[in-house]
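In C-alpha cells below, several structures.
Look for chain A in each of the two complexes below; its partner is chain B in the first and chain C in the second.
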Partner chain A sequence: MSKYRAMLKLRAFQEGVAQPYRELRHFYVADRPFVLAYVQMAGETFSLWACLCGRDRDDPYWIVADDPRNRDLQSEAFASLAEVLNREIGSSMANDLEPLQIWVSNAGAGANLARIGRVMRARQVSDEVSLAGAYLDLYAQSMAAPTSVLCMAATEALGRQRATGQSDFEDANLASQLMWWDRRVLAKLFPGLKAAAAKAMSVFEAAAKAEKLPMGTLTSPSADEDLDDVVRQLGVIRREGRTSPKLTKQLHDALYAQVLPIWEAIWEARNVVSKIRESASASERWQQDSRGFRWQYDYLVGGGKRRFTDSPMRAAKLLAQWEAAQADAARDEVAEDRLALVEAVLDNEAVIGTVKKVEKKKIGKREHPFITLAVDETELTKGADVWWRDNLKVKGCITAIEPLKAERLQVTIHVTAGMTKHAMPAVGSSTAFITLPPSFGVQAPMPDNPPWTHRLRVEPVDDDE
Partner chain B sequence: MTNSNGNKALERADAKVKQLLDRARNLEPGSVALVDAPAGAGKTGLVTRLVPRHVKEDRRVAVITQTNEQADDLSRRLAREQPKLDITRMVKSGYDDPGFPNNVTVLSDAAALGSSSVVVATADKWSFATAKLGKTTFDIGLIDEAYQMAGGKLLYSGHLFQALEMVGDPGQLSPFSQVDTERWSGLSVDPTKNAVDTLRYYMDFEHDSLPVTRRLPAHAAGIVRAAFYEDLEFSAATELGARQLGLVGKARRGSSASRVADMALKHGWAIARLPQRSVQRNDQEIAHAAASIAKDLLEREVHRMEDDDSRFDKVLAPGRIALGASHRDQVAALRAAAESLGIEGVAIDTANRLQGREFDVVIAWHPLSGQVEASAFHLDVGRLCVLATRHRHACVLVGREGIEDLLEMSVPTGEGLLGETIDRSISGWQAHLLLLGELAHTEVKW
Partner chain C sequence: MEQWLENLAGTSKRVRLNARTASALVTSTRCNARRALDVARIDKSVVAAALGFDAQRGQSPFALGRGNQFERRVKKDEYLELIELLSPMGFDGAVSDIHDLRDDVPFAPNNADEVLANRAALTRKAIVEIAKGEAPPGRLIDGGALEWTIGDMPVRLEVDALAWWVGGKLRVIEVKSFPVEWGQIPKEKVVAASWQTAVYVAALQDLLQSEGLDPSLISTEIFLVCPHNTGMKPELVRHEISPQLRLLRQHANKQVPIAEIADRAGDVTIDVSTVAPSERQQTLRNTIAKLGPAYQPSCLSTCELAGHCRSVAQTNGDPSVMGGEVLQVSIGISSLHRAAGLLAGAKATTDEADFAELAADIRKAEADVQR
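Moving on, here comes the complex of A and B:
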C-alpha cells in the first residue's frame, strides 16, 4: 500500500467515511452495464445455483438450478444464462454498439465466471451454451489485463476511487465497503430497515451489519442449512417423478433473498462511481477494450474456438502488452489527476515545484534548455530521468539538487527531448515532473513460429515395444 | 604466508573452469549447457574465458546480458582481458557511450553488425535487433545471469543462436512483472519464468557448477550455502581466520554502533536489533542506525588482512563499504542519513542494483524489519541472498525485533503448482529463519 493510501485509510477510520483516492474516474462505466449477481452452492464453484442478471435494475432475468449438482438441471440453467447473454451481446454487436460491460460483485465472483465459462464450453450442451461459455471466459480473463474494464468487480471500482477505514479483506464484501460511501444504502439491502435508521448508525455498526450479507458467490452459512434441507427433499420428490410447486417456491424464494442484495449492491456501486467525472484517457482505454472485444466476437461468431491455454508466443505477447498498458495508464493517471500526483510525490515518483528559471546553456556546440524548480521536499536524486507532467513528451534529467533558504531545495532539470517554444513551463508557475517512464511504444516483432528453445523434444517411439 | 587450504580450493576452481572450457568446445548446435555459480564464484571470470575459447574455434558469439550496466561491465572486462578480441557492444539508440577500451565498437543499428565475432547486448536489445538481422545467426548465445532473464524473451531472439550456454546464480532475484501473471502460473508457457526453468521444460541439458566462492569468507560460505543454495556444493577459497578485519580506534563507550561494529569484526556477521515497532517502509531509525555503523567503522579506521598475508595493513576505504536495502525510498533514507552524518564515498543502493557487485563490508537493511505482513516480495529469497552475499569480510543486518514472530505468523502455504519444483515463498521463508537462527549469537541490541 502506498503512503498516501495508508494515510487516507487512517483518516477514513477517524472520520467514518471513505476518503477520495482519485479526483477523477480513470475507467469507463457503461450507461447500461450487464450486471451479473449470482450464488453457487458451497464446493460447486463450477456451477450456477441462482442468478439475477440483466441491464435493467428493475427488470432482471432470474435463473435458478434447483440442484446444481444435478447435471440436467445445471445444463438447463446454463442454457438460460446463455440465451440471455448471447442475445444481449449479439444485439449490441450486430447494431455496432459498444460491447457489454459486465459487473460482478467482487474479484472472486469474477474469477468464478471463468470456471462457469469453462464448464459451459467443455460440457457441450449446445453451440449456444458453448458460445456463452467462451464469452464468460473471455470476460473473466479480461480482468487480469491491467487496463481492461470489460468486466468490473464492483468492490474494485469503489476501491479505485476512495479508501475506506477497514481492511482489504473487509472491503472485498461489497455491502460492507459501500457503508463507507453511504450508510443509507443499507436500507436497500435489508428489507424493513429505514434509511434514516441506517444513517443513524455509526459506519462500524453499518459495516458490521452489512458484512453479514453474502456478497461473494456463496450463500450465507445460516441460510445453507434450510436450503440444504429443501434441496434434499426436492431431490427425493424429483427421483420419484413428482414435483412440488410449494417446495420449489420455497427454495426459489430463499435463493432470491440471497441474490437480491448482491444485485442491488452492484447497482449502487455502479451508480456512485458513474457520477464521478471521467478522465480523458479512460475513453481511449475503453476504445481499446471495444476493439479487442469486437475482434474476439467476430472470431467466436465466425466459428473460432478459444484456446483453453496460451501458446508461449501468445503468453509473451500478452505480458508485453499488459506491462505497456499498465505503465501508460499509471502515467496518464498522474498526469490527469491531482490526487494521483500527490500519491506519486509521496512515493518519490514525482516532484512538485515552482518554476524559477527556464534558460539555455551551452554544452559543447549546442544550446541546451534547463529548467530550475524550487521545491519543498524531494527524495529524488541527481541523474533521475523525469517527464514534464503538463506535456509528457518533454523529457529531462535532474542534473543538480541544491539547498535553498528555509530548507527548500532547488532542482535543476536538463531538458533532453520534446521541448519546443510552445512547450515550456512558464516562469513562476507551479508545475510537476514525474519519473514514471513511458512504456516501449513499439513491441519487438515476434517470429511466427517458436524457436528451437521452445519446442518440445519428442523422443522417437521405439517400435519394438 | 601462504594459505594451503585456500590454494587447494583455488586449484579445484581452476580445474573446474578448464573442464567447463573443454565442454564448451564440444557444444553442438541445438544444445544447451548450464553453469550454476554461487555468489562470488567467478561467474563473470568464466564468461570472459568462454568467449575467447569459442572465438578460437571460429565461432560467432552473442553475449546476452540482462541490464545495460551488466553489458557495459562485461564488455569492458572482456576487452581488457582479451586485448586482441574485437567486441561489438550493441546498444539502443540514444545510449550514452560510457567509455570503452579501443577494441570495443559501440553500435546501435543491428543492420550494420556485419560479421563481428563477439557481440554483447541486453536480452531486450537482442529482441528488437532480431528483425534487422535477417538470416544472421550466431554459433553460440551466451546468457549471463540466466536466472534473471525471463524465458519468454528467448521467443523473440532464440532462433538467432544455434546453441545456448547459460551462466547464472540460482540464488539471485527472479524476473518479476508488475502485472498479474496468475494466468500462467505453474504453466510451461509462463513468460516470466526464468530462462533456465523455461528451457528445462523443453529439453534436457548439461548442468554443472562452480565449486568455490572467492568472495565469501570461510565463516560465511557455509551459512550462505545452507540458507540459499541447498542444491549447490561449494566452499570458500580461504580458511577460517585467513581474512580478517581489525580496528585501530577504540569503541565509543555506550555507542550501539561501536558494539555492532565490534561484533561484525569478531564474527564476520552481526545483527543490529532495534526495538520492535510497526513503521513505514522508509524507517528513519533503521536508516540512521545503518549509517552510524558505517560511520563508526570509518572513524575507527578499519584495517584488513587479506588471504595472502597475515598483517593488518590495508585500510578499509569508504568505497569498500555498501549500505543496501530493498526499496528505493529506503535507499533515499539511507542516503539522507549518511549525508547527515557526514559520510562520503560509501555505496548506497537497492539489492537489485547491488547484484553482481562486491564490497568488504555490507550493511544491509533487513527486508522484513518493521513490517506488519510478510509479503511474497519481502520473502523472496533472492533479495536477502543478494544483500547477504556481497561481502568479502563482514555483513551486518540491521532490523527491528519481531522479525521471527512475523515469520512465525506468516508461514507461506505455497501455491503447490504442478511442475513447480521450488516454491520461492517457502524457500525464502526457510532461508530467513535459518539465517537469523545461525546468526543469533551475533545479535546486538541497539
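Moving on, here comes the complex of A and C:
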C-alpha cells in the first residue's frame, strides 16, 4: 500500500465513505459477464456444494450437490456446471465474440475455482466435465497475471477504484467493502431490511452487519450446524433408496440463502465499477487477454491438456511476462489518470512542473533538445531517466537540478529520444515527467541448461488419481 | 497471582487451551487483555456475547467430521497406513510399540483436568523412556498431553499428535485433514500447522531439559500427514518448524508478566453475575479496558472479542483499526480524527510534524494535477 492510499483510507474513515483512488477505470468490464457465486462444504477443499451462475442477474442457473462428499452427487453437479460453462464459452468463441469475463466474490473464491477445475479433470467423469475443469483452471490461473481481467475478483475491482476506511482484512469480505460505496446495498443482501434503514446506519454498523454474511466460499459455521443435520438425514434416506422432497427443499433453501447474497453482491460491485469511465489502455489490455484466451481455447478444444504444475523455466518466463505487462500498465495509469499521478509524485516516480524553456543546445556536432522545468519540490536526482507524461515516447535524462528563488527548483531535462515538432511541451504549461521505465517487452534469454534453482525436483504431475 | 486470575474469572465459563490457542497466546504479545483472559482460561465468546457481539467462532461440523474421518483412516488397522508412510523414513514398524493414551486414560467431560494431568504424566514417562533409550525403537505415542510454561504461566495442552523415535531423534507427527495438492500445501495452512507443532516441540524440549536430558533430541523437522490430492489416502510431508520455534521462544520471553497486568488493572473481574443487568455491559467494557487491550485487524480472525475491541477503536479513532501502512504513516498522531484534520490543513504540533509534512505534500500534489 502506498502512502497515498494510506492517506485516502484516513479520509475515508473520517468521511464514512470510500475515497476515489483512480479517476478512471483501468480494467475492462464486460457488459454481460459470467458471475459465479458458489459455496463449498467446509473442509472439502475440492467440492462444489451450491452455486448460482450465469450472465443474467434475474435468471441465474442454480446448481446443488446435496452432499458433495458423495461422488455421484458431486459428479452430477460438475456436469451441470460444465454444461452451462461450455455452452457459454463455446458460443461466444464460435461466434467470434469476446471471451467470457468471469466474476467471483474475492481472490479466495477465484483460487478455489482452480481446485474445483482440477478435480473436475482428475475424476474423468466425461470429456465435457474435463473441458470445463480446464476452463476453470485457466480462468483461476489467469488471476495470477496482474493485468489480466478474464477472471475478476469483485473485492479487487472495488479496491482498484476506491479506498475504504477499514483494513484490507475487512475489505476481503465483499459485502463489507460495498458498504463503503453505498450502504443501501445492505437492503439487497438482507431480505426484509429497508434501504432507508440501511442508509440510516453508520458505515461501521453497516459493515459489521454485512461481514456476517459469508462472502468467500464457505457457508457460515452457524448455518453448518443446521445443514449438518439435514445432510445427514438425507444421507440415511438416500441409502435406503428413498427420497424426501421436504428435506431436499429445506436443504436447497438453506443453501440458496447462503449463496444469494454472494450473487447479489458480485453484481452490485460489477455495476458500480462499470459506471466509472474506462481508460483508453484498458481495452488494449483486454484485447491481449482475448488473444491469449483464444489461443488457449483453440488448444483445449483441440484436445490439448493443461498441466497441473508449470516447469520452473516456464514459470520464470511467465513471471517475466507478467512483470513486464504490469510495468507497462502502471505507466499507462500514471499517464491517463490524475490520481495515479498524485500517487506517483508522492512515491517519487514523477515530477510536476511549469515549462520554462524548450531549447536546442549543441553537444558535439549535433543539436540536442533541452526542457527546463520550474518545480516546487522533487527528490529526483541528476542522472535519472524520465519520460514525458503527455507522450511516453519522449524520453530524457535529468542533467541538472538547481535552486531557484523562493525555495523552488529548476530541473533541466536532456531529451534523448522521441521528440518531434508535434510532441513537445508548450512553454508556460504545467506538465509532468515520470520515472517509470517501459518494459521493452523483450524476454530475457533462458539458458539451455538451467541452474539448479530452476530445475525440477520432481517431474510435473499430469492428471493422476 | 493465582488468586487474581481466580477473581478475574469468577464464576464465568472456562475453556481449555489447545496448541492453537496456546501459540496465539504466546504470539499475541501486544494484547494484555487477551493474555490475562486466556491465562485465566475464560471463554471469550461468552464475554463477547454479553457485550452484544456475536462471535462466529468454532469449527464447522463438516470440517470436524472430515478431520475425524481422516484421523480414523490413518490409525486404522493398528496405524497400518501411518507405519507404511514412516517406514521409508527409517521407522522400525516391525517392533512397533504403540501407546494410545486415549485408551489408557479415556476422556471424561466432568473431569477433564484430571484426565489431562494423568495423560501428561504418562506422556512424560513414555518420552523420557524413549530419550533414555529404554523404549523399543518403534514407539509411537498417540493422544498425549504436555505441560508447558508460557512465560510465567503453566498450561496443559492436549496433543493430538504422535512422537516417534528414529535415528537418535524424537519426531512430532501431526495429522491434518487439509490436502497436499499436487505436492504443495497452501501457505496459510502450513504456517498455522507450524505454529501449532512448534508449541509441541517447545514443550517437549522443555520436558527433556527438566529431566536433565538433551533437548536437541527433539527434531525441529516435523512430519505432517495429510490427504493426498483430492482423495483421502494419507501422504507424509516433512516440514522444518525452527523459524516458528525461534519466534515462539522470543515471544515467550517478551511476555508482560501477569503480575504486571494485574498491578495495572487492579481488582477487576469478568464475572458480572452479581452486577445489575443494566450495568453489566458497561462493567465488562471497563474491565477489558483496564486489562489493556491492543486491537489490530488480525484480531478479527483470532480473537472472539475482536468485534468489541474494533468498535471501541473505531469510536476512539485508534490508528490501528486500519492496520499496516495507515499505522505507519500515523506515527505521532493521537487519533484518526486528528489525522484527518491535519490532512485538511490543521496546524500541527511538534509530534505531528512528520505526518503534517506528508499531508502537505499530498495537498500540494493534488492541487498540482488539477492545473
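Things worth noting here:
Convention: the second predicted complex is superposed on the first by the 441 of 465 C-alpha atoms of A that agree within 3 Å, B and C clash if a C-alpha of one lies under 4 Å from a C-alpha of the other, contacts with A are read in each partner's own complex, and residues count from 1 in each chain.
As a convention for this text, a residue touches a chain if its C-beta (ideal position, glycine included) is under 8 Å from a C-beta of that chain, and two chains touch if they have at least 3 such contacts.
For clarity, every value in this text was computed on a predicted model and none was experimentally measured.
In the superposition on chain A, no contact is made by A:S274 with either chain B or chain C.
After overlaying the two complexes on the shared chain, residue contacts for A:A315 are found with chain B alone; chain C is out of touch.
Residue contacts after overlaying the shared chain place A:G43 against chain C, while chain B stays out of touching range. Applying the stated contact rule after C-alpha superposition, one finds that A:N348 touches chain B and leaves chain C untouched. In the superposition on chain A, A:Q141 makes contact with chain B only, not with chain C. Counting the residues of chain A touched by each of chain B and chain C gives the higher count for C. Legend: residue contacts after superposition of the two complexes on their common chain; A:P447 is shown touching chain B, with no touch to chain C.
Within the superposed three-chain model, A:E379 lies in touch with chain B and out of touch with chain C [touch as defined at top]. Applying the stated contact rule after C-alpha superposition, one finds that A:K3 touches each of chain B and chain C. Common to the chain B and chain C contact sets on chain A are residues 3, 6, 309.
Taken in their complex, chain A has these residues touching chain C: 1-7, 9-11, 13-15, 41-46, 115, 118-119, 122-123, 165-170, 204, 208, 212, 218-222, 224-225, 227-228, 308-309, 338-339, 341-342, 345-346, 352, 376-377, 430, 432, 458, 461, 464-465. Against chain B, in their complex, chain A makes its touches with residues 3, 6, 141, 144, 146, 309-316, 318-319, 322-323, 326-327, 347-348, 379, 381, 444-447, 450-457. Across the complex, chain B meets chain A through its residues 30, 32, 124, 127-128, 130-131, 152-159, 164, 177-184, 187-192, 198-199, 202-204, 280, 328-329, 332-333, 335-336.
Here chain C touches chain A in the complex through residues 54, 56-67, 177-179, 181-183, 229-231, 297-298, 300-301, 307, 310-311, 314, 317, 321-326, 328-330, 336-337, 339-340, 343, 358-359, 361-362, 364-366, 368-371, going by the rule given at the top.
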